Amino acid sequence: MSSSAVNPVSGSDAFTADGRHKIGGVILSVQNISLSFGGVRALTNISFDVREHEVLAIIGPNGAGKSSMLNVINGFYHPQEGKVFHKGQERKRMRPYMAARAGIARTFQNIALFKGMSALDNIMTGRNTLMKSGLLAQAFYLGRARKEETAHREFCEKIIDFLEIEAVRKTPVGRLPYGLQKRVELGRALAAQPEILLLDEPMAGMNLEEKEDMCRFILDVNKEFGTTIVLIEHDMGVVMDISDRVVVLDYGRKLADGTPDEVRANQDVIDAYLGGGH
Amino acid sequence: MDFLYNFFISPFVQIADAPLFFVEVLTGGLLSGVMYSLVALGFVLIFKASGVFNFAQGAMVLFAALFFAGFMDKGVPWWGSLILTIGVMVLLAMAIERIVLRPLVNQPHIILFMATIGVTYFLDGFGQTIWGSSVRVLDIGLPQTPLEIGGVLVNKFDIIAAVVAGSLVAALALFFQKTRIGRALRAVADDHQAALSVGIPLKTIWAIVWTVAGLVGLVAGVMWGSKLGVQFSLAMVALKALPVLILGGFTSVPGAIIGGLIIGAGEKIAEVYWADAIGGGIEDWFAYMLALMFLLFRPQGLFGDKIIERV
Amino acid sequence: MLYREAGQFKTSYAADQQIFPILQDRIGIGLIAVLALGVLPLFATEYMTTTILIPFLVMSIAAIGLNILTGYAGQLSLGTGGFMATGAFAAYKLSTMFPDLNIVFVFLGSGVITAFVGVMFGIPSLRIKGFYLAVATLAAQFFLLWLFNKVPWFTNYSSSGVISAPPRAIFGDIMVTGSSAHYTAKYLFLLVFVGLLALAAKNLTRCHLGRAWMAIRDMDIAAEIIGIKPLQTKLSAFAISSFYCGIAGAAWGFIYTGSVEPLAFSIEISFKVLFMVIIGGLGSILGSFFGAAFMVLLPVILTNAPHLLGLNIPVDMISHLEYMIFGALIIFFLIVEPHGLARLWQIGKEKLRLWPFPY
């Protein structure tokens, strides 16, 4: 993405042979999570770990509780039971903006961009938490605010280059086609330089070419920055290709958890999900 | 110190001293609350069936009352005036559907809301251009004399108002639950597009619901008009119905009734017992503050549905 | 031909992020400044200054204020009148309690006080949204007016409940408030205020605070999930919006009418300012000026037009007609162009870019 972020020589301790960050220890751990709305159980006793620098996929049929799981991780839903540990510390009841400030960014299944703003402004908004200039400085665009705006603009332009959306940077996002909106949304999440990136069906509704582009972006982000990625996806081919580990949910319960090959061989998964003619 | 005494102690002393009088104040408040409910009902009907927050409900109350009183002044008997005014309200509903709502289909709710503020201004101006702005006395023979029930004095007029409001709610409940149109209305309220796709004619439904709201406005206008006289300030009565809505929730007919009762009673009691502490003339804002306090604890209102947000 | 950015390449992000990146816009703004500061004061009569220019400037401030809250931050408010009243009475109290305080600081101080009041009434915005909030802001409108009416301290125990602006000067001896102030001095003083306030508003809306407001407006849940604190952001919008409304109220009382009672800031004013924002364009600072100009000019035209046409319409009829025309125009604008005059202006510029070779 940026010329300054050149990877050190492969083979050093932190990197694998193909230049990726080596998968590290547990960065986020969900333990015995149960969540229900009124009488409806969305999640039942779910536990899994997310390790640093890995690509983790959560799969399962519609209604399996995948999106709810992401909502729990970033503090939007509060589970009735269970705990979430982030970097070894238990997370108390929190508001979603705290998760963002702690380095957890996400995209949404139904695009949640700010429709009245341009692509560039959307991405700049992702950096809002990093901007500190005061009210008066902003009101009169004094030195500090000006410097800050310009510096962050520069960073956002790098993301724009990376995602190949230079041509539409000043277009209101409401006018962009679906695939580009998805990219802008990814850009907005990346702008915050998150440690963990939650992607809710980043490839839903895309054609093959767009999917390939999106896969490339996701893998590049993981490789360049070492960003830990948790994604929800329906396309089995994609999941098996790009993820290091897979968690399978069904009806709010965890069926399996392991490498793609392990999951593929798991009898429960085959019965419940893959087996039925998929 | 005086203030604290007047605020926290003296009102309760007064209540304990004369419990019968308190019951009288309470009853009076509840009954005048019914009048607020009457206006709030119109808001709820339109909100339920079209998701439009109809700020013009108050203007429709005034508009209906102006026409009704205007026809009566021209020497038309009351039933004739009623029929004529109903005709006017039907035309108005159709015009609003055609001119305002149809071009604004699928616009954000806030735009529709602002359009109804435009409708408010238009109706206020139009009604008064035709009928003038002088106060008209509307006398349809409702008694204003007090009546004593078990030692408590109540106004006969208020009781009649309560009976009218009660029958109106019952009629509306029947209409919504038991008729084909009522079912269609509820379907439209749930989802415009889904309703369209199963063949419910949206335009007709909207015209009907605005007509019904217009008729509720007519009833409210006649009641309020015979109480206060038909004048511009009737449109302001609608502003009183808004806190009722916050309390009761925008989508609940029983909420509108009970919210009205709470506001009416709260306002009367505050006016009688707390005037020493905070001064008179509080009826302009008291209802709002009451509703606001309430909202801090229950944002969806008394009967509103709990909102589960999804992303 | 005249209006195009072709050839104006930006070589740095700083240059691209100027407030008016296009040369022609900068020239245009310069021309307007020269016109408003230098030419208009020379030619405007007293009638024109006091019935059109000054109210236009006052209402522009209020419209910018409401536009920040409703157009940018998406929080619908019907309490503008109450906040303007707060500004007027705060200015009165400040200038009578501290007679030596410069009038500039009186205005700014009244804005700050109003900002605090605005924040208090903005607190419910965390829990309630949309129409519920709009109704809640009516509480501010009615409660504040009642307060200024009821508590004699606010009017320094004046028996009529009317406050009159004390005479105050700037630069030593140029009177800008009170009955002895010259209308041109009032106009120029106000103009400088409006210019700076508009500039500040424009800057705020293009910096990170403005983006946070728009994010909350466009999708509050997503905004919170990317790290924007909802309460803080909404309250900042309430504070800044009320700051503007407060200054507008102070300017109304001190410069426009000279004396004022709470009733002048009734709910009618709240609606009028809302109309300005809608007609001018939600989420546009420039639009606030268009809207204010429109709403100030329309009644003047309506009052004078029958005379010019030789018609004799009674006064109360005119006010009823005014209502009808306002109402009809609002509906018309919402249907034809929900983004208001500012959008039409933008479309005009787009056309001009291509003119005279539309292909």
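For reference, chains read A, B and C in written order, and residue numbers begin at 1 within each chain.
Please note the rule applied: a residue touches a chain if its C-beta (ideal position, glycine included) is under 8 Å from a C-beta of that chain, and two chains touch if they have at least 3 such contacts.
This is a predicted model, so every value here is computed, not measured.
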Every chain in contact with both subunit A and subunit B is listed here as C
Can you tell me which chain is nearest the middle of the complex, judged by mean CA position? C
Chain whose average C-alpha position is farthest from subunit C's own: A
How many Å are there between the centre of subunit A and the centre of subunit B, using C-alpha atoms for each centre? 49
CA centre of subunit B versus CA centre of subunit C: separation in Å? 32
For the pair subunit A and subunit C, the C-alpha centroid-to-centroid distance in angstrom is 42
Which subunit C residues reach two or more other chains? 221-222, 225
Could you check subunit B for residues that touch two or more other chains and list them? 309, 311
Overlap residues in subunit A, where contacts from two or more other chains coincide: 76, 108, 112
Give every residue of subunit A touching subunit C within the complex, in rising order. 74, 76, 95-97, 99-101, 105-106, 108, 112-117, 121, 124-129, 131, 133, 135, 138-141, 145-146, 148-150, 153-154, 157, 188-189, 192
For a test of understanding, state which residues of subunit B touch subunit C in their complex under the given definition. 53, 99-100, 103-104, 107, 109-111, 113-115, 117-126, 128-129, 132-133, 239, 242-243, 245-246, 250, 279, 281-282, 284-285, 288-289, 291-292, 295-296, 299, 301, 309, 311
Complex interface listing, subunit C residues touching subunit B: 76, 124, 127-128, 130-132, 134-136, 138-139, 142-143, 145-146, 149-151, 221-222, 225, 267, 271, 274-275, 278, 316-317, 320-331, 334-335, 338
In the complex with subunit A, residue positions of subunit C that touch it: 12-14, 16-17, 19, 199-201, 203-204, 207-212, 214-215, 217-219, 221-230, 283
